[in-house]
Amino acid sequence: MEYKHYFHNSYRNPVCRSWHSTATLKDTNLVFPVFITNEAGEKTEITSMPGNFRYGYERIVEELRPLVEKKGAHLQAVMLFGVMKDEEKDRKGLSFAKSPVLKALPLLKTAFPSLLLCVDICLCAYTTHGHCGALFKDGSINLKKSQKRISDMALLFAQIGADVICPSDMMDGRIYYIKQKLISQELHMPIMSYSTKFQSGFYGPFRDAAQSAPSFGDRAAYQLPPSGRELGIRAALRDVEEGADFVMVKPAMPYLDLIRDLKNTVNVPIACYHVSGEFAMIYHAAKAGALDLKRAVLESITGFMRAGATVIITYFTPQLLDWLNENN
Amino acid sequence: MEYKHYFHNSYRNPVCRSWHSTATLKDTNLVFPVFITNEAGEKTEITSMPGNFRYGYERIVEELRPLVEKKGAHLQAVMLFGVMKDEEKDRKGLSFAKSPVLKALPLLKTAFPSLLLCVDICLCAYTTHGHCGALFKDGSINLKKSQKRISDMALLFAQIGADVICPSDMMDGRIYYIKQKLISQELHMPIMSYSTKFQSGFYGPFRDAAQSAPSFGDRAAYQLPPSGRELGIRAALRDVEEGADFVMVKPAMPYLDLIRDLKNTVNVPIACYHVSGEFAMIYHAAKAGALDLKRAVLESITGFMRAGATVIITYFTPQLLDWLNENN
Amino acid sequence: MEYKHYFHNSYRNPVCRSWHSTATLKDTNLVFPVFITNEAGEKTEITSMPGNFRYGYERIVEELRPLVEKKGAHLQAVMLFGVMKDEEKDRKGLSFAKSPVLKALPLLKTAFPSLLLCVDICLCAYTTHGHCGALFKDGSINLKKSQKRISDMALLFAQIGADVICPSDMMDGRIYYIKQKLISQELHMPIMSYSTKFQSGFYGPFRDAAQSAPSFGDRAAYQLPPSGRELGIRAALRDVEEGADFVMVKPAMPYLDLIRDLKNTVNVPIACYHVSGEFAMIYHAAKAGALDLKRAVLESITGFMRAGATVIITYFTPQLLDWLNENN
Amino acid sequence: MEYKHYFHNSYRNPVCRSWHSTATLKDTNLVFPVFITNEAGEKTEITSMPGNFRYGYERIVEELRPLVEKKGAHLQAVMLFGVMKDEEKDRKGLSFAKSPVLKALPLLKTAFPSLLLCVDICLCAYTTHGHCGALFKDGSINLKKSQKRISDMALLFAQIGADVICPSDMMDGRIYYIKQKLISQELHMPIMSYSTKFQSGFYGPFRDAAQSAPSFGDRAAYQLPPSGRELGIRAALRDVEEGADFVMVKPAMPYLDLIRDLKNTVNVPIACYHVSGEFAMIYHAAKAGALDLKRAVLESITGFMRAGATVIITYFTPQLLDWLNENN
Amino acid sequence: MEYKHYFHNSYRNPVCRSWHSTATLKDTNLVFPVFITNEAGEKTEITSMPGNFRYGYERIVEELRPLVEKKGAHLQAVMLFGVMKDEEKDRKGLSFAKSPVLKALPLLKTAFPSLLLCVDICLCAYTTHGHCGALFKDGSINLKKSQKRISDMALLFAQIGADVICPSDMMDGRIYYIKQKLISQELHMPIMSYSTKFQSGFYGPFRDAAQSAPSFGDRAAYQLPPSGRELGIRAALRDVEEGADFVMVKPAMPYLDLIRDLKNTVNVPIACYHVSGEFAMIYHAAKAGALDLKRAVLESITGFMRAGATVIITYFTPQLLDWLNENN
Amino acid sequence: MEYKHYFHNSYRNPVCRSWHSTATLKDTNLVFPVFITNEAGEKTEITSMPGNFRYGYERIVEELRPLVEKKGAHLQAVMLFGVMKDEEKDRKGLSFAKSPVLKALPLLKTAFPSLLLCVDICLCAYTTHGHCGALFKDGSINLKKSQKRISDMALLFAQIGADVICPSDMMDGRIYYIKQKLISQELHMPIMSYSTKFQSGFYGPFRDAAQSAPSFGDRAAYQLPPSGRELGIRAALRDVEEGADFVMVKPAMPYLDLIRDLKNTVNVPIACYHVSGEFAMIYHAAKAGALDLKRAVLESITGFMRAGATVIITYFTPQLLDWLNENN
């Protein structure tokens, strides 16, 4: 009779159970990624992410209305991605000025004043080469020009009405330059940095969605190696030092330990991006009968919050809103 | 333009504000201390804690009913203290078997099946000398007898219907002995240990309430010195190792750093006892116009949760329930 | 020119790169799960885990020989699971004494003296009801009998030649009892505790492999809830205190943050079980073309080591050995 | 006989007791707040803080002499606050140039060369509106002008002879601007930042002392919310990054956990301000007989040091000096 | 003018300097190792540690008197080692009952009642084979007999008057058995465990002092490997769990990181043993003119305290006492 | 039979042993300090460090060839120090432009393209007064001029071919200025900062080697006091913030706790300098027979890696390469 622990004692009574401090999912924790094009009336399913679509910018309000106006838990935040045709892009990426996101922002703000509009800021959707920054002639990254152009893009999107500026490019110093430009114009929206973003094999379907695979080379020069734990932590610390208000871990489940590492290190809210490859794994395994989709998604999301994230960018947002409402 | 932080950016939007992970008070976080006597019909105000009373055990159900049956936030948990007359006590403290708490337990359980009944376990309310343990003839603590007697008391209160066993005596090894006795009888209620309890100057009014000041000497031999940070942490670790399900810091605000230390160290829910001297400080300062009582209490409670406690034992429970309901 | 970090500076030179302390995978980090039956000559593919088989115990040496005798990186460790037919089982689980693992142990030890033989210890493969412990008549867990029976099973497997005892049952106190029995017999093999094992939706295919789904109810009473971070940490601390030499997190990727939490807390090597549902997700997503299987597996394993695990139990062991050899 | 800890063993022998590393209070840990006016000969008791006074600047040397020249423990440091009449103030706060503190500094330096002269730097004592920064016409904070004016004030006070510059205004970036101005003038005194200052209900009596309540609105826009643990930590980290030599937690006891959080995070000495409301609580509770004043004050101060502060700004400094001398 | 830190600002003023919390050496932090024999009148210099001696037990009072009765800083604590001739020893080590330490203890207690008498507890000084435990016939450690014999030795030394029991043997479970025996006899002196003791090349001269080198084999089986950081931490945690009041790191400077690791992990005072090889390194380097002995010793001791030790066992105690007195 | 730990269980099997995550020394972890002069053909043994030499720059390739071209473990990195005659130096230290290191760099790069060339950057080897920075006329440090001159020196050495820039001067802000100059010239080699460098008594022999003792005063104004733990941590954090890629602790063994502190705090590789006084201690103690040199060196290096360093600058590099090769 020498063992002493009996864990269930402390859990059985519901009042005692409430004393265990576990965060629970609310609709405000969810951010839904939305892909927008300049094509009037477009609604194209993304082949590799069944159930997800690219929409023409003027359809976006009506497509989101059922989610935003749902009773109970409802859509509170979106992450907007611009998708351009190759012929709309240019080598320098200055085509960001023609981004469909710029057209969608005022429509959405007018239709849904309380919906939080997060915008992805990166050149890769606007450059013909598909790299995230400006290039030297030899194809290597021109850091100074990248910093300038990305902060110009951020400033423009902020002026047009974005609520949260979300740079995903991973260029050194871009948070600094964006923050300085925003402050200089007295623009006080927060910055969510894709700070801890790894060079991952789980991004495949996204490139289909955003039609943004690099035309040559890869992004190893500016994304983090999967083994780079200390680099991932430093990247978040650096971005907070440069002015980021929120930091992000991407992908989510394969880097769940980094969410915890950031929770232990930085003192800002932590976002995670439940990426397309994670969507695909659950989707296909469930379809093959190896998993129950709802249970697998809920266990995944529970894990993101347990590890310390409070902002969850996920393609499963519509289903999660329904499941949240079922519980009440 | 070199500064980079603008903290309010990340707070202004309500969705973003929800991303900052701050625990908020719910009624299940509150435990109300209740003093019970064997006197039929007694309702005596405790002089040094205006608005707090000792009740005869048969009145207790009716006195608590308005709190338990309040709409919205309502009383979810009590901590029961037995108060005996000197002539009811004995030198060994075996009079615990005649404790008014034993009479109140079944009445409360029947009347309010979902109210969590925490019981304070200590000999000081039942010994004529007012010490928390058994004594040798020279007045020093007899540890073995103390361990036996306190674990006997805990077993009896558990058998009569207590939901949570809360030993406040600070004797070495008592959690071990209590846990072993409970396990041996297949009793699986949790133990909340007064683990990190300091020899404090803020307990004065309580002794009036519980009529339990020691008749000679003090409790320095078994309470922790106020400077004893590492001892306070070890005491909680030891009690968890011996089988405690919850640990406690007492007093609360003067040892708020220890709540944080325990949150960083143990992995069980943390309780804090907002003691009588703390009640008195806020009460008298507010009466003198130096503080706003409601604001001071709410800021105190916010601090307990910010530091990591999820169980708050406070004499302000009735007011807090009202204030919680006002917010909704 | 105010930004100051340029992360790639410290990585470009190969000598400098070696200064970044990242653990790299070796064959000794891998443990291959093997399912063994009493059927002479059996080799049955496990439907839900293509490429994985149940083998009759007398085939096991020949089946493993190519992996053990591979040049370069080769099989260094296995985790042995016994699979019994329903008619071989009994209500109490005492049929563990007829486990095919007991027959395989001496064969394997003789054939491959340096192969590390880890054995899974649990009653669920041997009870007709499929629960991990002994039951009272009402179907609830009888803790004392469970502790006795599981430690008897561990002792028997240790005496027959297991190198590492791996209790997966999650009963309170079982590490204590196993350790005491082993010490009393002067048996000094290490214990690897399935300490931090969650009630997960990612176990489905395993139950097919081990034919061990519970016939009624589920294992919620003795596995941890997915949100239970502090419980998961406490479970590992408790098992180390009771005598575990290694602790385990299971599943692996969905609980990667717990691997990091344990790395920060306990001071023993940490194992993780890359479970059947994880296998299925990568397998099916790769088959559907959404992922590159090799890249996804390698990134997963890199994550386990980055988070702090040095023991990785995975169905991908054969492929990983090949990939390790390709690099040299 | 299975329990193993007996905490008092390690405490009984005085040599062993000295091995427990607990910081003990010395006179150099204490900073006495002093309120100074431009009124010749003034000595006005502060109604809400009995025993504390506002002094005309030419009286200040003689009033402090008994404390500075006390035998044994004696006054080592003061925090100087200027108190102006409404008619002396202006909307911009440029009246800081006529602060009585500027007159007191040379008198004190001459009389007591080794007394450390800390000066509070903020505009709220000098603006007619009572806010801590410069305002736009709409009453909101003009950050750029605030940064400029506060750093001008700091520079002036540094040039006149302050030993420690203590900005209490909470404007973003002010430490950066002050540090740059001091460095540019080769002024090398340290900066003590009121970094972790909460919007608290415990400041009431101070506003009476300093006659500085805002005439409209409150300071919620630039003080921290009581629940803002992570913000409080970030504020200290930011100020150290910008050049602060010491950081402060204010109030002290209600935020004792933040003192510990800073001790665990920053690597500079930590100050705490034992504010007027804390003074009032102890004073009134002691007057009502609920507490022993000396014991309550000493236990409070012990807590500040236990949590990690080594600089304690307290109105009880005179009594503490006497109590320190009693012990020797 | 963008750099912001100027570290010396915060150090120049002596009051500010006192705010930096650095522990300073006092005489109570020092423990002097003393070697005692049964030889009447012996005073033999230890060849490999010039200036250190073995004394016959009846000389010990007079030899220590000048250190104990020194003005100002003086000897407060000793660690007593018994040194026996080979012919006094036996195979089982039961000769501890004839240890010269047992004779010295009452003499020292009578002569110097406030001198703290720490006693080294191990069999290696009393066994003919020189190993720290009891052996099986094959020369391997017999753990059960070792535990019994070492706890018998501890009990005897405690009964004769030792103030602190210091087991140096590293046998698993010995703290548990010693603590149980002491508690059972109501003996309440603290235990200082040589918990984190490495198999080191810096022990050479000690074996000359104590004449205790093993006659065959080495102590690798029961001391920790130099790379064993996690083992060293676990060993301290285990000993605290079993009842140790203080833990020790040995050697000191080569394992300074472990002192810090323990300071961050356990919550008891930490001792370090500045071993004979460390003495020899400083002694010989100073003799060769490569170092200044006083500066090297003081910097070493400062390091031990900076890392977190408050108990320093060092052969330089006599010189350190003189240097402490010089400063006052 | 109540003790539960038996540490050796988890170590005995070689597969299990590999699960304990201990870093092992490789040749890439070692950096060999080399002293270079402008004297043709010079090879002068450094009196206080027997076996170490100063070489004329044109000899350096041939002297290092046997180490670089050794089979198996071989020399991978050097730290180059320039040594100038007094008559070559000037008051301002501008003589760095005539440093023999500038002559050696291209020779080494040509001869050994993969050898990592780290260069020490400081003025003390080039100023007639021997201080590390520029001085005002009164002999105090002129910080602005020091920052300018040191960053000029760094830029020059980077342009001539250094692989790693290693500033050892400890002037505030120098990392910032060096990084800005390197970035402005698109030079992307890493910076290794001597960040955590203490004012130590263990540097004696080095000054003989580098002939760089200050002609008056000492370096207390810009090196850290030995008790300054928090300062040592802040210095590393500051340097990383300013752009350092690697940080250093110097000396190594006497500040082993700081290596661990940095490992717990910064997220960059940590170097340590095993200084001349440490070399001397081991050398002389071994010569006197008190230590075995090889065992003492290996235990020291094991400690540096155990504490968290992956870059070890040591005079024992040649011997260590041989010992590494012996093991294979």
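Order of writing sets the chain letters: A, B, C, D, E and F. Residues in each chain are counted from 1.
As a working rule, a contact is a pair of C-beta atoms (placed from the backbone, for glycine too) under 8 Å apart; a residue touches a chain by one contact, two chains touch by 3 or more.
On a predicted model such as this, the values are computed, not experimentally measured, just so you know.
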Chain at maximum distance from chain C, centres defined as averaged CA atoms: D
B-C against C-F, pair bridged by the larger set of C-beta contacts: C-F
Duplicate of the A-B contact set - from E-F, A-F or C-F, the pair where over half of the pairs recur: C-F
Farthest-lying chain, centroid of Cα atoms versus that of chain A: E
Distance from the mean Cα position of chain C to that of chain A, given in whole angstrom: 34
Centroid distance [mean C-alpha coordinates] between chain E and chain D, Å: 45
Whole-Å gap between the CA centroids of chain A and chain E: 57
In chain E, residues with contacts to at least two other chains: 2, 5-6, 8, 20, 176, 230-231, 234, 241-242, 268, 308
Overall pattern in which the protein chains touch one another (line/ring/star/complete/other): other
Chains that touch, pairwise: A-B, A-C, A-D, A-F, B-C, B-D, B-E, C-E, C-F, D-E, D-F, E-F
Interfacial residue positions of chain E with respect to chain B in the complex: 2, 240-241, 267-268
Footprint of chain F on chain A - complex, ascending: 2, 230-231, 233-234, 237, 241
Residue ranges of chain B in contact with chain A within the complex: 1, 4-6, 8-10, 12-16, 18-21, 23, 26, 28-29, 76-77, 114, 116, 163-164, 176, 179-180, 183-184, 188-191, 241-243, 245-246, 268-269, 271, 308, 310-311
Of chain E, residues touching chain F in the complex: 2-3, 5-8, 20, 22, 48, 143, 147, 172-173, 176-177, 200-202, 204-205, 221, 226-231, 234-235, 238, 242, 253-257, 259-261, 264, 276-277, 280-285, 287-292, 295-296, 299-300, 302-303, 305-308
